[in-house]
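The following pair of complexes shares a single chain, subunit A, combined with subunit B in the former and subunit C in the latter.
On to the complex of A and B.
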């Protein structure tokens, strides 16, 4: 909250990045999870990984309408950090390791400060924070494929989706080399958005009325998961099916996490 | 008796201060010689090259850093001059197609993101402010590596005890923050941390 106040004080217009997930377009293929893992230096899953020890910033939930065939319907819900503006994890962190970034509105996790108390994991209503139980291990040779823009996390710290802020840094450097301080809309998008084959994910600046995402957010079919909690997430979901809208909000915890690891 | 006790106390106190402030920092750092000596002066004054010929911002905004063999091969295909360092470079690195494993004085930890381009173009900070008079050096001084963290000593600026350090010199996080605060730049953690 304090950070956001600071932004409004300095009279500079910083973007406020958000995402829209179109549940009608999502096929649950899991490409976003995979792209996320590759982009953000996640180690590949080992066979003994479970829901609790697997580490996927972008996780796929399957929500079922509970009816027998032929009325049976299911929907896949990509769940990741909802980048709340009123951030529960930030409030509980005793170490100041969570920050609402004043430049982008991204909820930033600072693994070097984190000492692993996992209060934030308890506070997060979306269960989108993950704990490193062990140091990450990559199969021999695979360390050459690591992304130099993202630092790997050590054991004993919490991590989560950060809207691929390494890409934001890189995009800003490129814009600066062209003499621009502001980014164009298409210059910075997270890996999951770039890879989604059905274009179910849309990313952009919520505060820019000309952006694609700002128009999408005005759609009446847009909703926020657990919006009633008042955490003001910057990730929106869209569906035209009313049962999906109801079921997603109600059932998200009772359903299975489909992808344990990307 | 009492006077003697106080004397011993202060003698010990001063001895420990000297140890802690002057001897211990030098014990903490391991001196490593660079693979061979490189003279910036020879390159700038004798051949008329400028800093930007080797250290430049690439078209994607990333900084080129230390030039690779590819850049050097424009001139150094054969041995130029008679120095031992030149022989080592050409015979042991260029001819065997090996990159020189330089120790980088200003190397930051891997969770730090420092974009040169914003600081050069928008901040108008000169290279010397962070890198000192490295560009006019005759030879390469030993690289000092912290035995525990592996970090370079140079990130502290001229003095580890931070006494008489000129303002804005040094590459610790506090030095970055101080300058950013003075320039009234809003920046969060992820502005500089990966």
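On to the complex of A and C.
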């Protein structure tokens, strides 16, 4: 039995991290994508890359209501790893390169074990896994921006959002140096959440009833994208606009779609 | 020297002519090897796969040739375990075809993965829940079985047979053949099934996800059934094709008809279960997660016609042709049935791999298309060229069809 399993067997209560994305607040500015790329040493795009081959752990979709002016509406949907509790990518990986960390509930991708079969990418309904189609190259001088807490990934492996694992490690090390085992709510937040200018992203421990996120999750306007697939994502979306809910959520059948107006 | 290696009692074309015929295939092999170098040196950006279309031509090709190569294990099972001795006349050829299909598939897989040197991790530290881990185990073991089955055929070569120790070794190997055939069948059952299961377990992809039957998703059993249904048809077709190209009678017609009959019966059983599976999936499994038939078949060109084509024209029709004794007796109908059966299984693998990835799962994602690059196509053709070359040499120097000599003297 490894140490990790031992930890889950004791009675200690571990956090279960999740995120809420408020679609009514998101302006689609892309700061989260940028912050994510810089924090996690994502390889800079080259002219050969397309929106289908580049690496953007935090990807911004623009969704229209499909109506002509003046009824035309659009919403931005940030899409990233939904940290599923019933993890489709974990079950399929032949090399154990995906792990659901019982200490945090975060789905980890271990690039050193990955051999790039991309089965996990086919399994992910959220299209949130990215393959390194190219050798990562940082233009001269740009290597100085590399984050020392995060290993850059090599060509031929899969990567994805891990709620800024490097930040979690750093926060844990700091807490340990102060003799604490548990982290305070504001001590560990992913880069995207920290940088969002409209505070559209909320991060925290879903199992802590006092946390801000736990209160948000009780909101009736909260939903999970593709929630009916049963993958139990820990990322929630919020909107009060019915057309947005219909456009991004499969929970509603097509009959209701026709009756909703933007 | 060349003439001394050719099987006694049969004739083969002039050596120069033989080499001339192989030149185009060697050119294809060369181009494929260059494309392979490009992919290994510069990465998979030389393909048109992307973050959504994570599988492309190669995975489709792998699934298709592994299904068609099922003729090897299934004929072995019929001959050695069920004692259907008429298949002795095609077993050698079936083993070579199986070996080509499986080794070719593994060659394509090696190029397809991003870090092939780490593939051994799966064998060393596998994820027991992963269908792909099961496929890796069974494929590598079964390829070993096929290689061991290939050895006695090589040792039957006229020159090699003169070495007494080889003769003894071949004799001993022959004694374990029924065991190897049994092991091969078991391994094949699991990897053919796991290849289907690979897609059937994807609960994140409602187009591929299926109900569970006895631990495995239904596609596990459907893949096994469709592979053993199409496998004999593929052996039938290749035997006929080799016979046409070489201008020789290789087997008696009743052998081909028996292969056709088995294919036909299994196809009918397959079509029955595939129809039930499709109905359950479209009416229960998929609507339960919010996806209707229109979500799966509402994107051109993948309309409902593709499902009908697969089940009726490329499933039921060849099945009916091949189980009908009168139709089967006529070569044109026998071949039509076999071609349709093989096309059916190839279409099924296409739908499973390519259509699954084309269709959007996220409500706001687009329907995607994918066209392979020249490198992907070249590597695909390289595997075919490798198969043609290996088979041609085997046909020239090894007794692939034991009946040929007898039919030749007649």
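The definition used in the following text is that the second predicted complex is superposed on the first by the 240 of 262 C-alpha atoms of A that agree within 3 Å, B and C clash if a C-alpha of one lies under 4 Å from a C-alpha of the other, contacts with A are read in each partner's own complex, and residues count from 1 in each chain.
Convention: a residue touches a chain if its C-beta (ideal position, glycine included) is under 8 Å from a C-beta of that chain, and two chains touch if they have at least 3 such contacts.
Computed from a predicted model, the values in this text were never measured in an experiment.
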item: More subunit A residues in contact - subunit B or subunit C; value: C
item: First (subunit B), second (subunit C), both or neither touched by A:118; value: second
item: Touching partner for A:52 - first (subunit B), second (subunit C), both, neither; value: second
item: Partner chain(s) touched by A:179 [first = subunit B, second = subunit C, both, neither]; value: first
item: Residue ranges of subunit C touching subunit A (in the complex, touch as defined); value: 42-45, 49-55, 112-116, 118-119, 121-122, 125-127, 129-133, 136, 198, 201-206, 288-292, 294, 356-357, 361-365, 368
item: Interfacial residue positions of subunit A with respect to subunit B in the complex; value: 3, 6-7, 10, 12, 14, 99-104, 106, 108, 110-112, 149-151, 162, 165-166, 168-170, 172-177, 179, 181
item: Subunit A-facing residues of subunit B, complex; value: 57-62, 110-111, 113, 115, 117-118, 121-122, 184, 186-191, 193-194
item: Complex interface listing, subunit A residues touching subunit C; value: 48, 50, 52-53, 61, 63, 77, 79, 86, 88, 91-96, 113-119, 121-127, 129-135, 154-158, 225-226, 228-231, 247-251, 253-254
